[in-house]
Amino acid sequence: MKNSAVITIPSHPQYLSVLRAVTAQMCMLSGMSERAVDEVKLAVDEACSNVMKHAYRGDTGRKIMIQFRIVPDSFEVIIEDNGIKARPERIEGRDLDQVRPGGLGVHLIKRAFDTFTFDKRKKKGNRLKLIRHTKGYHDNYTDRKIRQKDS
Amino acid sequence: MKNSAVITIPSHPQYLSVLRAVTAQMCMLSGMSERAVDEVKLAVDEACSNVMKHAYRGDTGRKIMIQFRIVPDSFEVIIEDNGIKARPERIEGRDLDQVRPGGLGVHLIKRAFDTFTFDKRKKKGNRLKLIRHTKGYHDNYTDRKIRQKDS
Amino acid sequence: MTIILIEKYGKKILELSGEIDMNASPVLRKELMTLVKKGVTPLVIDFNNVSYIDSSGIATFVEGLKGMMAFGGKLKLAALPSAVKEIFSFSKLDRVFEIYGSIDDAINS
Amino acid sequence: MTIILIEKYGKKILELSGEIDMNASPVLRKELMTLVKKGVTPLVIDFNNVSYIDSSGIATFVEGLKGMMAFGGKLKLAALPSAVKEIFSFSKLDRVFEIYGSIDDAINS
């Protein structure tokens, strides 16, 4: 339990403000820069908006559980729902050079987090695990992307 | 689940900032005035500080679960721990005319909430239920006190 | 989020404040598309008091812009706080939208 | 919460900022009691940037005041934002503490 907090909210978009508040405070406790806090807050909002839209198809009376873990060299967020299973291979942001509404959320999530994986062991619903490395890296998008390409 | 959110935090005082952020956002969703938000935020902080100090005696690795419920005419907060059982009859703020540290928290909790009761059905630990009436009452301390005396 | 429609030097300005997320976007979309459908042009959006925007907010403005372009109308975004502007740049939409430093710049453009 | 000790016109001022809760209070207590034990008087506390205080913060100042009074020293609270001042009034401690509208008022008193 140490260095971890869990919040459960209804799948109604009005609770995104509650989620952002918790996310920002957890980021601050983990010692992130102000810019990093903003990026992570937005990413977690996007990931939960996606659960509301795609996993629950707009049903606002369901549950989303979000766990935050501050570990020595990373900040982890685990998002669980009981909705329609995502097909990870089909989750893809749009080409950013193409101007149309939508398809931006996944880019914003991947900007803030190094790892974006659905836990295959979960039987019903989804468990999305987001990991942001915090040690030995810069809080910088370019660095983050270069590192990802290198690895 | 609708209109309810639950957060679980470690019993370490650094998580009080996370708790206050959630509390404030839930209060805003319930439509409280700014002043009421401040009062309730402080009261929930005080109640959880008491759990850390008294129920867990400063052990920072335990859990506190806080549930918020926005119901038509009240705002409810339920705080659960697995610590030492409180003796409700012995929980009392100090006489405010007596100047000494401590004994203020309970007054601040009772200022914000109309009901402050421990659930007797809970076997291990404590379940404190706080209820603030939101309909037909003013967000005003004096009114609230007069009403309590009348009832 | 709150929305106020004002007029300055004969130009319509939509003043937004607060957070534009998936909860606020449908309200904003309704307001914006009503103005677009009425053919209000130019329409200036005042972002000065917007503290947060997510992809649903961005998508709403893309929709508004497309609606405007369909009849040759102009949508002008003005006074974006740096955190908000940054999301537009990240999504490469700063090349598509007309973005101005201030309301006056947007009006006089 | 952050704590900075400065000197103005030869008077010591403890500038506090942020939230004074049960997490911050032990840090504040240590700082405050060190100054009290050194006999620093008057000691002005600048609350201007304090956004929040709970009963553990209030208790810390009560302790500081008692320490000061033990040797005839003076603890002066200055520039309290209204939300913070309200907690002092509610706890009837505004009658016990010397509270000033501004740092200058506290220094010149």
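Letters A, B, C and D mark the chains in the order given here, with residues in each chain numbered from 1 onward.
Everything below uses one rule, namely that a contact is a pair of C-beta atoms (placed from the backbone, for glycine too) under 8 Å apart; a residue touches a chain by one contact, two chains touch by 3 or more.
Given the structure is predicted, the values throughout are model-derived calculations rather than measurements.
**Student:** Find the chain most remote from subunit B, comparing centres computed as mean CA coordinates.
**Tutor:** Result for max centroid distance from subunit B is chain C.
**Student:** CA centre of subunit B versus CA centre of subunit D: separation in Å?
**Tutor:** Taking the average C-alpha coordinate of subunit B and of subunit D, the gap between them is 26 Å.
**Student:** Report the inter-chain centroid distance for subunit A and subunit D in whole angstrom, where each centroid is the mean of the CA atoms.
**Tutor:** The computed centroid separation for subunit A versus subunit D comes out at 41 Å.
**Student:** Per the centroid of Cα atoms for each chain, what is the distance between subunit A and subunit B, given in Å?
**Tutor:** 30
**Student:** Starting from the mean Cα coordinates of subunit C and subunit D, work out the distance between those two points in Å.
**Tutor:** Centres of subunit C and subunit D (C-alpha means) sit 46 Å apart.
**Student:** Return the residues of subunit B touching two or more other chains; collapse runs of consecutive numbers into ranges.
**Tutor:** Expected reply: 12, 14, 17.
**Student:** Can you name every chain pair that touches?
**Tutor:** Contacting pairs: A-B, A-C, B-D.
**Student:** Would you mind writing out the residues of subunit B in touch with subunit D in their complex?
**Tutor:** Residue positions touching the partner: 12-14, 16-17, 20, 38, 42, 45-46, 49, 52-53, 96-97, 99-102, 104-105, 107-108, 111, 141.
**Student:** Provide the residue numbers of subunit A that touch subunit B in the complex, in ascending order.
**Tutor:** Against subunit B, subunit A makes touches at 1-10, 12, 14-15, 17-18, 21-22, 24-26, 28-29, 60-63.
**Student:** Can you list the residues on subunit C that touch subunit A in the complex?
**Tutor:** Contacts found on subunit C: 19, 21-23, 52, 54-56, 58-60, 62-63, 83, 87, 90-93, 96.
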